[in-house]
Structures are given as structure tokens and as C-alpha cells.
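Note that chain A is present in both complexes that follow, paired respectively with chain B and with chain C.
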Partner chain A sequence: MHRYRFILFRPLQFIPVLFGISIITFVLVRLIPGDPARILLGTRATPTAIAKIRAQYGLDDPMWMQYLYFLKNLAAGEMGKSTLYKIDVLRLIATRIEPTLALVVMGVVLALLIAVPFAALSARRQGGLADHGVRLVSTAGIGFPSFWLGAMLILLFSIRLDWLPVSGYGETPVDKLQHLILPGLTIALSLSAVLTRSLRAGMIAGLSSDVATAARARGMPENTVFWRHVVPNALVPTVNLLAVNIGWLIGGTVVVESVFAVPGLGQLMVRGIFSRDYMVVQGVALTFAVATVLINFAADIITVALDPRIKL
Partner chain B sequence: MTAPALSRRAPRWRAFLRRRTMLVAGLAILASFVLLALLAPWVAPSDPIFQDTTAKLLPPSLAHPMGTDNFGRDVLARVIWGARIDLQIAVIGVVFPFLIGTGVGTVAGFFGGWVDALFMRIIDVVLAFPFLVLMLSIITILGPGLGSFYIAMALVGWVSYARLIRAQILVLKTQDFAVAAQSLGFSRARIMFRHLLPNALAGSLVFVMSDAVLVLLNGAAISYLGLGVQPPLAEWGVMVAEAQGFITQAWWITLFPGLAIVTLAFGFSLTGDALADLLGVHE
Partner chain C sequence: MSAQLEIRGLSVVYRDAGEERELLQDISLDLQRGEILGLVGESGSGKSLLCRTVIGLMPSRSLTMTAGTVTLDGVAIHDTDMAGLRGRRIGMIFQNPTSHLDPVMTIGKQIAEGLRHHKRLSAVAAKAEAIGLLRQVGFPDPGRAYGSYAHEFSGGMRQRAMIAVALACDPEILIADEPTTALDVTIQAQILRLLIELRDRRGLSIILITHDLGVVAQSCDRIAVMRAGRIVEEGEKRALLADPRHPYTRQLIDSHPTMTHAGDEPAPHPHDRKPIFEIDDLRVHFPAGGGFLTPKREFQALKGVSLRVWPGETVGIVGESGSGKSTLARAILGLTRITSGQVSFEGHVLTRDPKATLKHLHHGAAMVFQDPFNALNPRLTIGETLAEVLRTQGETPAAEIETRIGELLDMVGLERSYATRRPRSMSGGQCQRAGIARALAVNPRVIIADECVAALDVTIQAQIVALFRDLIARTGLTLIFIAHDLAIVRTLCERVVVMHHGAIVEEGPSARIFARPEQAYTAALIAAVPDIDPDRPLNGGQTTLQQESAT
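This part shows the complex of A and B:
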């Protein structure tokens, strides 16, 4: 089990990164011009509320003390109050996680469903017409702006064909799923351009690997060799590629949620920016950063579990 | 690169021809956008913010090849003028991160020790944030606008270049020519910037092209969200945002600015891929 020992020690490396994240979010809010108490509470705060917040965040103390107060509040799950929604930021964020998470999962699943067949087509006929076509489309696909792609999908599937809802999220699970197809597809189309390139390279390497040659020597049909030996091996680096791109993927959900009015974290952040709801912006940024660190850690564990040769 | 015996690689001359085609096509796309931007006042059929109230939401026709928008503005004229702003976004949004990142990467890689360790930790923290989220947080403080976008871009974008250059410098500084330069008593600045850096740049020149795609998409997305370029300026992301409310009646206002982004991004990608092949760099 020594291959998994990193699970115990890796979290220690997170400590400086998490401190760094907290310092950046702290500094960002303090750089906003104006009285910090009014920034935390909004412009129409009462004097008693201001006095209370001054004590809670130590706003009359030196900057480094204020940072310690900030950490203490964070440790207690205290991220301040939203000036727009009038509730605790932590609770507000908790209600918005589900749509964003569902959107990311939907995007990744659809991206794999698109990327694997195209990469297979491309890798098995390397240098052929289909290969050139797939490579051209995946090169162009990286440059598709998600906000525009989303609008085009709405135009085609919601307005012309009337198959799917234009925007929003829905109430029941089935309803939610329907609402998530187009936003998920928007993310998936951009993501699959990246995945196809990596999968294709992995499959091409796999086709001439010893494993494939040995399987062919045992008389295994080429199709079985491909789907049983080549594809699973090509998928392992994809886990890591997804983790590396998770920041980009989250950025994508921020834009896509705005296009489709999905009530997730990204939409919450963008609205927060416009309504100067600074605690919300800070809370969402913090949540996204911590999620990124944790997802990278999870990806490392999955990679090690999938491939016995990898040691971290 | 040695090819395995059973490989199905295309003959060398075909690969060469393909690279040349890619490079020429990529550069041709980029050059035509630069020309459009420079010649906008002469090529555009009308003023990009001129509102013709008698010609609202007209579909594409000979008089208006890309139709008109809800204010009666000519979409083609706005797409052409938009090239000025979007090219500027891609160039300025890449240049500052490139300069800062290259400087930091060279110094960190050359000196090593605590300087290197400090910068590497800073880079780890910046990379922990999703790129767009950190950009948006900075723009929250600075207020919406193109200037804020450039500042945020410079503050966030340098990390990739710093990493790339640092890794190169670490390898290069142990090589014979660097040791020779050191034993000749050259100053550290001279060794860093005259000997090591020029050799480290090839990889980041390829990265510049793929980064330009990301910067262009980010700039347009931030403008789409209403936090970058402000209306009535003609910028492609802003145009898509303004058009979305009219998508049921007038698809052309949304379609054409988006196609402009896709084409320009494709130009950068093709050029980058071709350069990677020609310089033998693998990302």
C-alpha cells in the first residue's frame, strides 16, 4: 500500500497553498477603496451593526491582526453576510453548489461521449481523411467562445427545434436534467476539443504498444484489442488532464451559467460583482480555489488507483 | 525523433508540406484581421455606432451583408471595427504577462534558492484559483473596463510564462556554454538575458499563440459579462451580449461577431501548431 502513502503527506503541502489563498482573498477585499465596515455591511448599515463588525473583524487593529481575525472567522465558518440576499454567505453558497456541480459533471460526461468516438476514429485511421477532419475541428473547437456557442445552441435546439428549455434550472430532477443539457453541451463541446487531442495521441501510442502487439499475437480481433486494451490505457492521462483544466472548466461554468441563467456559484459571483456584494464574491472565489486544490488531489488518487505503475 | 519500425507515419515531405500549409493559412488569417483593423475606417461600409432608425433588425442583404442590429447599426461595420479592439485585447493581454513572466522565470531559475522558492509558492497559489475567477475578483476591485482587464491579465497571466521559462533556464544554466560564459567573468545579468534567455524563448513563443486564443476568449467573455469593454463600443463579446435579447427575431446579430472570434482564434491556433512543429517544441 506504500503507493498510497502520498495521501497522508500531500495534505501537508496544501497548508502553504491554503494560506496563500486566504491571504489573496483577504488582501483583495481590503484593497477595495472605502471604509471596510461599510464594505462588509453595505452602505445602509446601522451604527450598532458597524460597531459589532468592527469588533468581530478587529478593524481598528493593525493589518496583520485583522488577517488573524479573518482566519479565525473563516475557521468558524463565518464568511460574512450577503448585503444583497441578507443571509450568511456560507449558507448562500451551500444552496448554489448543486447546479454548478451538476453542470461540471454533465459537461465532463458529455465531453467524454463526444471525444472518445472521434479520437478512436482519428487514431485508427491515422493520416486519413477522417483523422485530418477531426484534427481540424478540434483545433478550431478550442477557439469557440462558450457564451456564443451557448447562444447558438439555444437558437438551434430551443428556438428552431423547440426540443429543450431556453434557460433556467427547473424543480424536479428530470426537469433539472433537461435544463442542464444545453449548458452541459456548451461546456462539453469546448472541453472535447482538448480531450480529443490528448486521447488521440494516447490511442496512437497504445496501438503500437507491447500490450496491443501481445493481444494481437494471441489472435484477439483488432476491435477487441482496441476497445479492451488501447482505450482504457488512453483514458488514464485524461483524468489528469481534466484536473489540470479544472480551473478553466470552472471559469467556463461562470460564463455558461450567465448565458443560461443557471442559479449556480458562477452566476452568484457575477451578480455579486454588479451589486457590490463583496462578501459573496470573496466567498465564491475562496470556494472555487479550495475546490480546485481538492479536485487535483482527488485526481492524483484516481490516477494512482487506475495505473499500478504510477508512483507519486 | 526516432520512428518505431511498424509506425504508419506519413512520408517526411508530406509532413513538411502540411506544416507549411498550416503556417501560411494561420498567418494569412492573422494578417487579414490586422489589415481589417488598420483599414477599418476605409473598408467598413458605415460608422460602427451610427444608428439608422429606419433600418432596425434587417436581415443580411446586399446593402447590409451581415444585417443590422436593434439600433439600426450595420453589423458588418461593427464586426470590422471590432477587430481593432479584439486584436488589441489579444496582443496587450499577452505582452504584459509574457514580459513579467519571462523576467520572473529567468531570475527564479538562474538564482534558485529562496528567490526561486518564494516565486514558486506564489505561482502555486495563483494557479490554485480558477483563472477567470481570479480575474473577476481583481476586476471587482478595479471596476469594470478594458484597463482593469489588462491589469488583471498582467497580475494573473504571468505565472504560466514564469513556469515555462524557469524550467528551461534550470536546464540551460548547467550546459557548457553557460558555464563558459560564467568562467569568462560575464555579469550575471548578461549571462541571464544574453546567453540563457534567447535559448529559452522557443517554447514560450509557441505558448504565446495558444495563450493569445485564451486571452481573446477571456477578454470577449469578460466583456460579454459586462465587465470589460463597455457599449456602445464595437467589441465582439459585447456585440453577442447585446444581441442575445433579440436572438428569436434576429440570429445574424449574434452569429457574425462570434464567427469573427472563432476565425481569429483559429488563426492563432494554426500558427501556434505550425510553429510547434517547425521548432520541434512539444507542449
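This part shows the complex of A and C:
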């Protein structure tokens, strides 16, 4: 089990990484032009009122001091008060994290459900009609922007066919699931295009590999050769590709949540940016960064579990 | 008595984009029950293709069997259920067990897979049977081996696992495609012994594909010699080796660097001048594992090696894989970081003044690599490769580079027209000649050849060895010849250095080492080399096996 020992040690490496992330997000957020106090109070605010707000939120202090306050608050479990929502950002994030999390999981699961069979179909009939079709669609899939794809899906499934809700997020679990199908599919379609291409290449290599030849030589039926020997070997690089794409996927939720009006972190982020709500933008960016780090960690664990040769 | 497996008039044709070539021509061959048939030939002769055709696993879709029949116990097998036959009645093992075993599936599951499919055994019964098989092929702890993966074992144990996989469903015929080529000699001896033992115990019939006549002489009953898609000669082992009819068979036998000719070794070199290389207590350690917050470990590739090489001498460095012979070569050329110790080349001390010594080394020493294809830049013609070296070295005036390239090609026996060819359009032997020409381009006083004939066919090996001998005689070159093949070293080198686990275990004049090895390890290594004379049986390997289980 020493191959899994990195699970204990790796989190120690997160400390400097998270430290760096916190500095970068902190500085970047403050590069956004505009004065949050002025935006909060509106255009007719008096200079004294603005000054008062600035003092109240610590906006007059030098940036390094603001950063130290930020760290101190973080240690106490607070991310600072949102200028827009008037509550602590951490509590705000806690209420918004569920739809986003569900959306990402839905996106990845749907993407795999699409990618594995299509890649298999394509690889096993390499050069055939199905293969050309899958390659065409997956190449096109990479090209479609998700805001357009999302709008098209709404048009087809919600407005024309009236099968699924147009936008928003439900109350009961079933209701929520229904609301997540279209945004999840939007994410999955772009992601599965990338995954299909990688899986197809891995499967094609696997089908003519020595491992497959040896399995055929001991009389295994072609289906067994494929699903038991070729696919597991092709999955290893795909998991890594998925992990690399996670950052891009999280960025994608920002757009998709806006298109489908899902009340998640992405939507919160967009609102935060428009209202110069530093604390919200910073908090959400930090959450996204932490999520990316954790997901990559999870991908490493999966890779080690899939491939017994890998030691981390 | 009718043969168990009969191949009659088999032809295979390669068709691609209008091109058509006959790769196997009218092959007829019999395999008797319980015999080991050696199928011998050089690369490209079609021996692997023949066996793949028999079990219906052609390596490419462009290949078709155009004529002939294969019958197993009188039944034509291409009419029957091929997949039911494979593994069940005909098993196959391959040259490279590492790439043929599934890296992400345990060895045990790969054995059990066949048992469950062909014999419809339950999971529990298949596991019990698989563990029994692993014990039979020599795993000391079969229960643990069952749950282990291929990468956890050495090359020899992987080949044993591969054999267990192939024998799982008790096939009558085993096709072994170069099963020992990738293994060390001592391990090769063990695997060959295992195959013979399995034949005796199970009444197995074996087709053993190999390029090494020594392997055939030691393990087979009958030999079939293949060349360019045809069987040129076939017969009982002793008769064929003693009295080969076909000129190609004779050429193969003559090229074999056999161990029997004692007294052919070159005379020891006079050590009258200052050594060209002086190596003292050289240690090279590589970091192995460890990392952030985990303890650093290291692998000791060289554990205090001391060696002198005199100008004009031919020194052979032999040892099994992992013995540190390549690391030694790389370290003395400054290609690997030296942990401690001293290396000096013609009085320049590499470890004290690396910059000047490296410059001196680049002008005085050159290396020839194992894989002739990959050691040459595929995008450059041979002429461009040589010109690059000549320009970098800067001793040949630009106007004379062309002439010099011609001279170099002459020296290595390549036609001058090869200057415009790229490695892809050349054979392995031609590429290796080009590699040697590149090494000669700097006018070196020393050439270090690292397993430079290991990837070549025997007849080509013999040519390259002859080329080296000729170059040494003409130019007084110093040669450090690293090889795992003791027979070649014996005929080429004046002195032999035997390495094991990163240390020199024995060194001395070739004649003495081969006639009276002082160390048990050296003796085991020499004894394990399969001799082309069937009456000098394999007796090596046993000692190393005992040593291995003792450690």
C-alpha cells in the first residue's frame, strides 16, 4: 500500500500552493478598475459617505495590510463581508456551492457516458463510416462555444419539445436534477469532444498492441480483448487529460450558469465582478482554485488506482 | 505416423496500394507430437509471420493467406473456430513479455481469464489452477505472484508468467517466438530448461522460433531454416548442424560466434605505454524514488570500479543487464554525473578538470550505440550526419569534408552513394556501419561500443566484428567493447572485464578467463552460453538460480 502513501504527504504540498493562489487572487481582484464604495452607494453618494464606507471596509489601508487582514479573517473562518449581499462571503459560498458542484459532476459523468461508447465505436471500426462521423462531431464539438450550444439546447428541449425546464434551479432533488440536465449536457458536449479524441487514439493503439495480440493468442473473444485489456489501458491517460481540463471546465460553469440562470458560484462570481464586490470575487476565485487543486489530487489517486506501475 | 501439425503449401501475400509481395512462399512443415522444432532465420525471414498465420493472427490487414492448408490432428484448422483453438490447443509466447503482459491486470487474472473462458471454471477453481501453474513454471511464492503485476518481476520471471498464461488451458502445441532473445544468458538457460522440462512432463509439442543457432542446438530435436519466406533446409538437429546442405545454413553456422574454439582468443596486449584510460574507485549513484518530504534513496549503479585501458588495446566488458557496464561507458565519456572516484583520459582528469577533459574526450573518443536506427537522426542523410560531426570538430577544411565523408564510408564498407540515404531506407547492419563511420569521423583514439551488435542478425554481427578487427589492425584504435554476448567478446577482445551488480568481479586475458574462470559468477556466465555443438549441453544458469534464491 506504500503506493498510496502520497495521500498523506501530498496535502502538505498544498500549503505553499494555496498561499500563492491567495496572493494572486487577492492582487488580481484589486486590479479590476472602479471603486467598490462608489458602486455600492450609487452615483449620487456624497464624498463623506464614500469615505466612511472605504474606512469601514478597510479600503484605505495599503494593499499588504489588506492582505494580512484577509489572511487573519480566513483563519477565523471568514472571507470578509460582501458589499453587495451584506453577509460573510464564506457563508454566501456555502449556499451557492451545491448547484455548481452538482453541475460539474453531472458534466463529467455525462461526458464519460458520451465519450466512452463513441470512442469505442470509432476505434473498433477505424476508417469506417461511424469512425468518420464520430471524428467529425468531436472536432466540431471542440469548436462550438458553450453559450451558443446552451442556447440551442434550450431552444430544442425546453421551448420546442418542452421536455425540460428553461432555466433556474429546483427545490426537490428530482426537480434539481431536471434543471441540471441541460446545463450539464452543455458542459459534457464540449468536454466529451476532447475526451473522445484522446480515448479513440488510446484505444486504436491498444487494439494493435502486444497486450491485445497476446490476449487474442490465448483465445479471448474480441469483446473481452477490447473491454478488459484495451479500455483499462486507454483510460489512464484520459483521466490525466480530464484533470488538466478541470480548470477549463470550472471556467465553463461560469458561462453555463449565466446562460441557464443556475444560482451557483459562477453566477455569484459574475454578479460580484459587475458590482466590484472584491470580497465575493476573491472568495469565489479562491474556492475555484482550491477545487482545482483538490480535483487534481483526486485524479492522481484515480491514476494510481488504475495503473499499478505508477508511484507518486 | 502422421504429424500433429501439418503445414502444406502455405503462401502469404502482402498487398497494399497496388504493391504486392509474397512474404511466405509455398511452405510445408510438420510438427511431430512431443518434439521441439527449431525455426531458425534472420529478421525478415518470415518465421514469426509463419506462426502467426498458423493461429490466424496476421499482424496486418494487408496480409492474406493465398494458398495452403494447416491441419491439426488431420483437421484443417482454418475451417474451425479459430478463437476456440487459440489458447485451448495452441498456446503462444512472445519475445517481449513486458509488452505482451497486460500492465494493469494481475498476472493471476491473465491466467485465470483463459481458464474461465475456455474451461468454464469458476473463479475459485480458476484461481487455484492458476496458482498451480505459477508454481509449475517456477514462481517461489505462487500465491503472491497471482496478485502481482508484470512490472513487479524481472524479465525472466515475466517470461515464466507468459509461459504460465500460454499453458493455462493445457494446449498440445506451444509456439515460442524468440522467447529468450530479450533475456540474459543465464536466464535464457533457465527458460530453455523450463521449456524442455514442460515438454517432457506434459508431452507438449513446441515450435521454437529463434535467430540463435546455439539456442536451437541446445533445445530442439529438429531444425527448419528459413530465409526470405522459404524453408531452405530442414532436418534432424545433429545431422543438419554437422552436414548443412544449403549454403545459407552453412553461412549461419559459420557466423555463429561459437564457444567451442578455445585458443582462438587474441593474444594479450602489451601494457608497455601509459594507459589511455585510468579509472579509480569510480562510483555512480542514481537517485531512486524519494521526493518532497519522503526519504531520498539511491541506486548504486557503480560501486567502486577501477580499471586501466592501454592504447591500442581491445577490452571487452561483459555482464548481465543491470551490471553497470553501460553506466561505466557513459561515466568515462562524461555523459553521466560521477558520484566519486577518478577518471582520467590521456592524463586529463575528468573529475578534476571536467571542461578541458570533455573537450579532449570529444576529439579523442567516440561512442557507438546499441540501436543503430535510433542513434542516427532520421531527418539527416548519412552524409549530413557525418558532415555535422566534421564541421563541429573543426579539423577538416570545409572543402575537404566531401572527400572525408567518402573515405569514412569506404572505411566502414558502405558504398559512397549511402551519403545521400537516410536511416529509414537502410538495413540495421548498414545503419550500424554508418554509426561507426560517425564515430570514426572525429579520428578517435578510442571507440566505446555499447552492445553495438546486439540488435543485429548473426551474419551481420560477424561482419561488424570483422570490421572492428580490420579497423584496429589498420589504425591502432583502442576499443572498449561492451556486450552481453560472451562468444563475440571471446573472439574479438584481448582482455575481458566481467561486471556484476555494479562491480568488477574478474578481469584478465580472454584466453585465461574463458579457459579457467576464477569466479563462480564468471563460470556460470560462460557455461550458460548456448553452444552450437549439441553435445556440449547447457549447464549454466543453475548456479545463478541458486544464488538468486539464496539472496
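Rule of thumb we're sticking to: the second predicted complex is superposed on the first by the 271 of 312 C-alpha atoms of A that agree within 3 Å, B and C clash if a C-alpha of one lies under 4 Å from a C-alpha of the other, contacts with A are read in each partner's own complex, and residues count from 1 in each chain.
We take it that a residue touches a chain if its C-beta (ideal position, glycine included) is under 8 Å from a C-beta of that chain, and two chains touch if they have at least 3 such contacts.
Keep in mind it's a predicted model, so treat the numbers as computed, not measured.
Novice: Is A:L31 touching the first partner chain B, the second partner chain C, both, or neither of them?
Specialist: First partner only, chain B.
Novice: Once the structures are superposed on A, label A:W227 by its partner contacts, choosing first (chain B), second (chain C), both or neither.
Specialist: neither
Novice: I'd like to know which partner A:W248 touches here: chain B for first, chain C for second, both or neither.
Specialist: first
Novice: Using the touch definition from the top, say if A:W163 reaches chain B (first), chain C (second), both or neither.
Specialist: Neither partner.
Novice: Considering only touches as defined above, state whether A:V236 meets chain B (first), chain C (second), both or neither.
Specialist: The answer is second: A:V236 touches chain C but not chain B.
Novice: Just chain B (first), just chain C (second), both, or neither: which does A:L12 touch?
Specialist: second
Novice: Quick check on the complex: what are the chain A residues that touch chain B?
Specialist: 16-17, 20-21, 23-25, 28, 31-32, 126-127, 139-140, 142-149, 151-152, 154-155, 159, 208, 246-252, 254-255, 258-259, 269-270, 272-274, 278, 281-282, 284-285, 288-289, 292-293
Novice: Tell me, which parts of chain C touch chain A in their complex?
Specialist: For this pair, the touching residues of chain C are 55, 57, 59, 83-88, 91-92, 94, 96, 99-105, 113-114, 117-118, 149, 151, 162, 165-166, 168-169, 289, 292-294.
Novice: Can you list the residues on chain B that touch chain A in the complex?
Specialist: Listed in rising order, the residues are 4, 6-10, 121-122, 124-134, 136-141, 210, 213, 216-218, 220-221, 224-227, 237, 240-241, 243-244, 247-248, 251, 254-255, 257-258, 261-262, 264-266, 268-270, 273.
Novice: Touching chain C in the complex: which residues of chain A?
Specialist: 5, 9, 12-13, 209-211, 213-221, 224, 228-229, 232-233, 236, 306-309, 311
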